[in-house]
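Each of the two complexes below includes subunit A, the first together with subunit B, the second together with subunit C.
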Partner chain A sequence: MRRGKRLTLRQQQEVWAYAFLGIPLLFFAFIRFYPALSAFNISLRDWSLLTTAKPFVGLQNYRDIFADEVFWKALKNTFTYALLGVPLQLIIGLSVALLLHNIKHWVPFFRALYFVPYVTSVVAVAWVWRFMYQPHIGIINRFLLDLGFEQIQFLRNPSTALYSILAMIIWHGVGFQIVLFLAGLQMIPDMYYEAAQIDGANSWQIFFRITLPLLNPTIVFVVVMSSIRYLQVFSEVMNMSNEGLGGPLNSTISTVLHIYRTAFHRFDMGRASAMTVVLFAIVLVITIIQMKLVTRKYEF
Partner chain B sequence: MKKRIFVLAFAAVLLLAMAAPSMAEVTIEYWQYYYESKVKLIDELIPVFEAQNPGIKVKHITFPYDAFNEQVAAAVAAGEGPDVLNIFYGWLPMYLKQGFLQPLPEKYFTVEQIEERFIPMVNAVKVDGQYWALPTAVRSLALFYNVDHFAEEGFTEPPKTWDELLEMAIKLTRRTDRGALVRQGYGWNVTGQDWHLFREVLLRQWGVAPLSEDNRTVTMNSDPAAYEVLEWWIDWSRKYGVGEEEGRGLYRDSFLAGRASMIVDGSFGIGTISANPNLKWAVAELPVKEIGGEKSNFGSFWAHAITRNATGEKLDAAAKFLEFITSDEVQRTWLERVGELPASRALAQDPALSEDPVYGPFVRGLEYSHATFFVDETIERELIVEAVDKILLLDAPVKDTLDQLVNDLQKVRDEYFNSLEK
Partner chain C sequence: MGVLNGRSRRFVKQALIYLCLTVGAFVMIFPLLWMFSTSFKTPWEIYDVNILPQSFQLSNYEHLLKNTGFLRWLWVSSVVVICTTASVLVFDSLVGYTLAKLQFRGKNIIFMAILATLMVPTEMLIIPWYIMSVDMGLRDTYLGIMFPGMITAFGIFLTKQFYEGVPNDLLDAARIDGLNEVGVYARIALPQVKPALSALIIFNFLGNWNAYLWPLIVAQSPHMRTIPVGISFFSNEVTTAWHLIMTASSCAIVPVLVVFVIFQKHIIKGVQLSGLKG
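Let's look at the complex of A and B:
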């Protein structure tokens, strides 16, 4: 009797739990999944934003985007952003976190200092950096001229523009990683370090044998999250390139920006959706590979 | 008895209810982007129109200029949108392709009447022998120059030829010891007005028509002079260093800040420039290749179009509203209040206007203005900016780049005309 009653209670709790879970689930289904899935449908149609007829065209949109030079350029740029941005941000984030972990005073102050950029609006930050990069009135060029260097057309030169934007993205995002790494570092029990010190391990050995392996879960999380973020880079390029076009000469255009331009400048939702599907596939594959490669089990 | 009164009353109510829709007013929506002086004026003109046309109400809706086409597209996709829409003439073909507009009704506007009343430039919105929109005002280009900078160098006259302009610009330019530009002799740009300057002014004066008569073929490279003038114009910045591209609209800011001595700008720039009391400036007609040579100018305009939303009574109301806002009286008020030039022949030929020290150079420019027939202004502009950037930033060969540009522009044009024939 008592046993039966307890089960019922548990069942009731489960029902309630599912009821509460159901609300966000509904939200995800209609606000997230439905539009995402409809991108597959739109990508198979000649879907102009302005006309009512949306005829089915099969894979034509996919053939079009693969023949589009700018799409390949955008993909290449996106990978450049990710392949440089992810490791650089990881190294900088981890280094700063290690330094902060080792100091005793003012830790909350420094942590806040590094975190401030992350909570500042990307658009505002992008425009401030854009002004700093200005050839005549920008502070960086004024500094360079004072030091006796030539001025650099950071955002106007196709060979420097992408890296100039990348620097801003790293600066903007690194604070979040620092906080994550600091939390990860605090999770590592002190006794391992004490034991290693007693055994006479040097600081490199401690870092590579203890800190790095035990930070693995944090690193996996950081790498996966920042890869996705870099593969979807948009606002920074939109706000730092002239007229938001990803120039000069498409040297900074990212895949998402190209999707945006196709959808809302050319009104070609079909082609834009096809690109979205391709980008989705790329992000999916990369994420799966990363999960498999980087995740390793370490036992405490 | 009581019952009869009830029945009568009921019938009366029913009758009133049925009569109500025909007595009610027709409401049309007029959409334009937010430009303060235009919005204020239209707000004042609507009551005047409504008083003249009882039974018609006009709802005025404005939205920010950024993402103009996106806004309209989103409204149309949602089954909403205006009855009368103010659009840039260069976007008309794109809107036509989407089937969003209808030709101006013959009942109110015949082709003959329009061509008699308006300056020839307006035919840029004539497609398939029909007019699809009409402007209240038009714009053209002229040379703005800083009077103080000119006095500094002892210049008393604005340049008459492009050679003179370049020579003067070189003298007006100031650089630091390390070569950083402090003052541009000429606010050179491609993203501002100068891509129009290249196409419709320089090319034409060098004897190259940018488009064929029927607007179907891009002929920007039909003569070797085209390569020559393209390179020379880019060299103003690349070789002679009299100015450099700063980003859209910044050429005007530089002029305002006294960091550029000369710029080519549209009549729409007058308002902003004259709002700076500390700046001493003047306007001159655009230079020519050689004295007595061909004059040319680029004209453009925003035009009011009737959308396919307007049917039946709404269409009549929309046409009447269009008639009103393009009338000579409104055009005159528009010039005074917005500073845009009248589109009516009679007003443009008025000597009081063509001899005006500020408006004169623009009004005289209207006589020889060309309004490019764009099929997609946004894409065509992007392609031209890209081609110039290739030469300027990557030292790409001029001939190949222009040829490639012509191919790309032709592709856009072919796609458009093919889609019309389908």
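Let's look at the complex of A and C:
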């Protein structure tokens, strides 16, 4: 009798579980899974928004994008953003966190000030930075003039525009890392440091032999998160570059901005989808490398 | 003597650290201060590049509210934030609960499937979403802007993590008392995970308030622009009227700053939580 009752309870729970999951599962199927597969399908077709026929063209879109100079330029820029931005942001974030870890007063106050840019709207602050970079009326150029330097055409010169945008991206994102690193540092038990000091280790030895290895999981997480974010950079370039199209002379264009232009200015969904598939492949490779790095940690 | 020496060296070191941190913090908040300062200036003062306005004018704010689409963008952004937050609160916490506390077949597969969606970058989904929106007439609608964010894998994991800390005995006791599963979820389990829910609300607010790429694509007519989309098109309307652009940016950022100041602890905890999970 009791056993029978328990079984029906079990079955009841199963019915409830499926009822609870009904709408969310439909959501994931139609809003996440179907579109992901659909992107592959579109990338194999000549899919223009302006015509009704969407003929299958095999890998033609992939051939086209790899023959497209602007796509290569966008990829190169994207990797420049990532390869400079990720380490710079890491070094700045870790340095500030180490400084914060070495003071006693005002830690939450400083942490809050460093974190604030992270919560602000990227579009809004991109325009603030664009204003600061202006010649004549921009505060940075006014400052340079006052110090006796010449003005710099930050966003209008193809050789400085990308780095000017990069500075803003680092400014916007570094607070997130500071918070994570500070939390990581606070979790390292004091006894490790005390033991090292007793053994006569100097500050550098302590940093490289104790702090850095024990902070490794946080560093791996931060590097992966920010690599993926840098590979998807869009809003900053869209709002800071000349005409919002990755200029001047495509010197700042990113992969996602090129995808946006191809899909929504030229309405070539097939080609744009092929680019998103390439982007997906790159992100996937980085995620897999992360998993390898993280699991290696548990081996000893 | 040696002790004093060491002490004064430590003092100098500490002073240097505070100095570095202060300079750094100034660099971090200067752009925001500059934005606010400019928003109170007259158009002529832009050329003077003074740190502070000669007198604090509210005329830019008046102009922004009266003569531009800002109030409309504010309305669209608010509707989007409120509706997605409500949806995320209900569905994410329900799925998190089901995965953490109910026994049923296929649980692991469903969990892995939801996990897998995190691997796909949003950019890959945007073109299919757009085509779906065209087919279903969702362009320039609130639902069109909101649908991708109605349920989030992040929220499901966050709440699931917290539900796992709720003792099963508590739930079983409620079941024996005759509560059905909806009651157990809503009246017993849900109040136990309030910290997760507040983190979810805050991150959802920040994410949707600042979202740009998808709203830019799906909202093509000016009356369905959110605040970030409105600002990005604003420069065309008010060519290089930097005082107005800075005013619009200030208005976009003030609500976020208010939320940040009030919920600072929750936000910092939430960030740390997301890091520790990874």
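One rule holds in what follows: the second predicted complex is superposed on the first by the 262 of 300 C-alpha atoms of A that agree within 3 Å, B and C clash if a C-alpha of one lies under 4 Å from a C-alpha of the other, contacts with A are read in each partner's own complex, and residues count from 1 in each chain.
By definition in this document, a residue touches a chain if its C-beta (ideal position, glycine included) is under 8 Å from a C-beta of that chain, and two chains touch if they have at least 3 such contacts.
Just so you know, these numbers come straight off a predicted model, no measurement behind them.
By the document's definition of touching, of the two partners only subunit C reaches A:16; subunit B does not. In the superposition on chain A, A:225 contacts subunit C only, with no contact to subunit B. Contacts of A:119 after superposition on the shared chain: subunit C is touched, whereas subunit B is not.
By the document's definition of touching, both partners, subunit B and subunit C, reach A:136.
In the overlay built on the shared chain, the residue A:202 is in contact with neither subunit B nor subunit C.
When the shared chain is aligned, no partner comes close enough to touch A:8: not subunit B, not subunit C. Of the two partners, subunit B and subunit C, it is C that touches more residues of subunit A. With both structures placed on the common chain, the touch criterion links A:150 to subunit B but leaves subunit C unconnected.
Once chain A of one complex is fitted onto chain A of the other, the partner contacts of A:264 extend to both subunit B and subunit C. Of the residues of subunit A, those at positions 49, 136, 264 touch subunit B in one of the two structures and subunit C in the other. By the touch rule above, subunit A contacts subunit C in their complex via residues 9-10, 12-14, 16-18, 20-21, 23-25, 27-28, 31-36, 38-39, 42, 49, 96, 99-100, 102-103, 106, 108, 110-117, 119-125, 127-129, 131-132, 134, 136-139, 142, 171, 175-176, 179-180, 183-184, 218, 221-222, 224-225, 228, 232, 234-235, 238-239, 244, 256, 259-260, 263-264, 269, 272-273, 276-277, 279-280, 283-284, 287. Residues 48-51, 135-136, 141, 145, 148, 150-151, 156-158, 242-243, 245, 247-250, 264-267 of subunit A touch subunit B in their complex. In the complex of the two chains, the subunit C residues touching subunit A come out as 14, 17-18, 20-21, 24-25, 27-29, 31-32, 34-35, 38, 46-47, 49, 91, 94-95, 97-98, 102-105, 107, 110, 113-114, 117, 119-132, 134, 147-148, 150-151, 156, 175, 180-182, 185, 206, 209-210, 212-213, 217, 227-229, 231-232, 235, 242, 245-246, 248-249, 252-253, 256-257, 259-260, 264, 267-268, 271-272, 275-276, 278. Residue ranges of subunit B in contact with subunit A, taken from their complex: 67, 69-70, 73-74, 76-77, 95, 98-100, 176, 178-182, 191, 244-245, 247-248, 259, 378-379, 382, 385-386, 389-390, 393-394.
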